[in-house]
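Labels A, B, C and D are assigned to the chains in the order they are written; within every chain, residues are numbered from 1.
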Amino acid sequence: MSIGKTAWAIPEGFLPDFGPHPDDRKLRSHEAACILNANACDAHVTLTIFFGDREPAGPYRITVPARRTLHLRFDDLREPEAIPRNTDYASVFEADVPVVIQHTRLDARPGERALLSTLAFGAEA
Amino acid sequence: MSIGKTAWAIPEGFLPDFGPHPDDRKLRSHEAACILNANACDAHVTLTIFFGDREPAGPYRITVPARRTLHLRFDDLREPEAIPRNTDYASVFEADVPVVIQHTRLDARPGERALLSTLAFGAEA
Amino acid sequence: MSIGKTAWAIPEGFLPDFGPHPDDRKLRSHEAACILNANACDAHVTLTIFFGDREPAGPYRITVPARRTLHLRFDDLREPEAIPRNTDYASVFEADVPVVIQHTRLDARPGERALLSTLAFGAEA
Amino acid sequence: MSIGKTAWAIPEGFLPDFGPHPDDRKLRSHEAACILNANACDAHVTLTIFFGDREPAGPYRITVPARRTLHLRFDDLREPEAIPRNTDYASVFEADVPVVIQHTRLDARPGERALLSTLAFGAEA
């Protein structure tokens, strides 16, 4: 089964402060790009991060195994550099096979949780 | 009236802990795939669930009657297996007639509600 | 300027209980279909409401004036019938000129607000 | 790298009251259009604001530099006129190169935060 597109963009990106559960990976503020690879082969994905006031960061290289989903946490990215908190950014993904990408943020500031999510913008690379 | 696509993907999937209303079906944490079948005939839908670290589950078989909507709760799925809580997953739907699918989560952890929703990714099977 | 599609579907629909501000139109629970008509002529829109267990309701007839937006409240619909609260539904819009439709819900149950929003599914009628 | 469309619409628009942090730019109620320009050249964007009961406002003129993202705050717009709070509106963007646009609102009324976000509707101008 193959479903998706080979290029995806998420214009909204922002890592808020951790909030009241800084040591709880699931409850502290974070953003994720949920990537679905329904293909019978691995997907090799290249990620570029865009900012408001500097040159883009990347490429970040990610592999999503065949018939798997990867809920990629933006605050996990380290190589070639971490994404700073409280900074506007955007992201573009390019894959060698069709994938589907959805964007989610959990905002845990001041003690209450808020969630947002939307399908990313898909195109052919 | 016929509107929609025959294949849909939702990359984001996660069933949080129940929260403070475990016995209230409407207020405990859940996820739904809202399926609209505007056709004059029934829609037969096959659902496959993808995970991060194991082979996919399914197929789950769902019928949406003609000119009806079904707000499918992922935590209701039992056959061939239930979806575990606190586990990343993704879903792919294939239908024999065009349908439209929207994804919604109610997160009731720590006592406050948060909602997310987005249209799924539609394609031709 | 003309932008949009002539058919739109919103699979998710649910009017929660009013919540703690039943007399405040802006803060009580509600759903809206935000319709943009960027054309130089009026848009005549026909709305059909689908349910899980009964025949569809409608048609509802709505006019969005030229170069205007209408944030249609589903809880305002009366003719031919009101939509019941705490009931799953879905909606399909057909317009005589291209429009763009976005779905938003404010859920005010137990005292805390939660918002969801997504672009509807657009197609050519 | 070029990804996106040259016309985008956001039917939902509403600037709620500031909420309990009127002096904190990040935590008071606001809406943003997150624009990604992945091109090697600047993007010149024209924005028109539509209302329910008056002629549209604009054009607003925005430049997004090459390989940058701009998270445009609607409450920052001043020229040719500010957008009033507590008023339904919608927006249309036209760009001279492909861009991607996502809509986000932070609603800070009564003291709790709620977020919504969705990809805008993209088309060719």
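Operating definition for what follows: contacts are C-beta pairs under 8 Å (C-beta built on N, C-alpha and C of every residue); 3 or more make two chains touch, one makes a residue touch a chain.
The structure displayed is predicted, hence computed values, not measured ones.
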item	value
Turn needed to bring chain A onto chain C - CA fit, degrees, nearest 5	180
Same-residue or different-residue interface between chain A and chain D, half as cut-off	different
Distance from chain D to chain B - Cα centre to Cα centre, in angstrom	30
Mean-CA-position distance for chain B and chain A (Å)	22
Multi-partner residues of chain A (each touching 2 or more other chains)	112, 114-119
Residue numbers on chain D that touch chain A, as the complex places them	1, 3-4, 26-27, 32, 34-36, 38, 67-71, 100-102, 104, 106, 112-119, 122
Chain A residues within the chain D interface of the complex	7, 9-14, 48, 50-53, 55-56, 86, 88-90, 92, 103, 105, 107, 109-110, 112, 114-121, 123
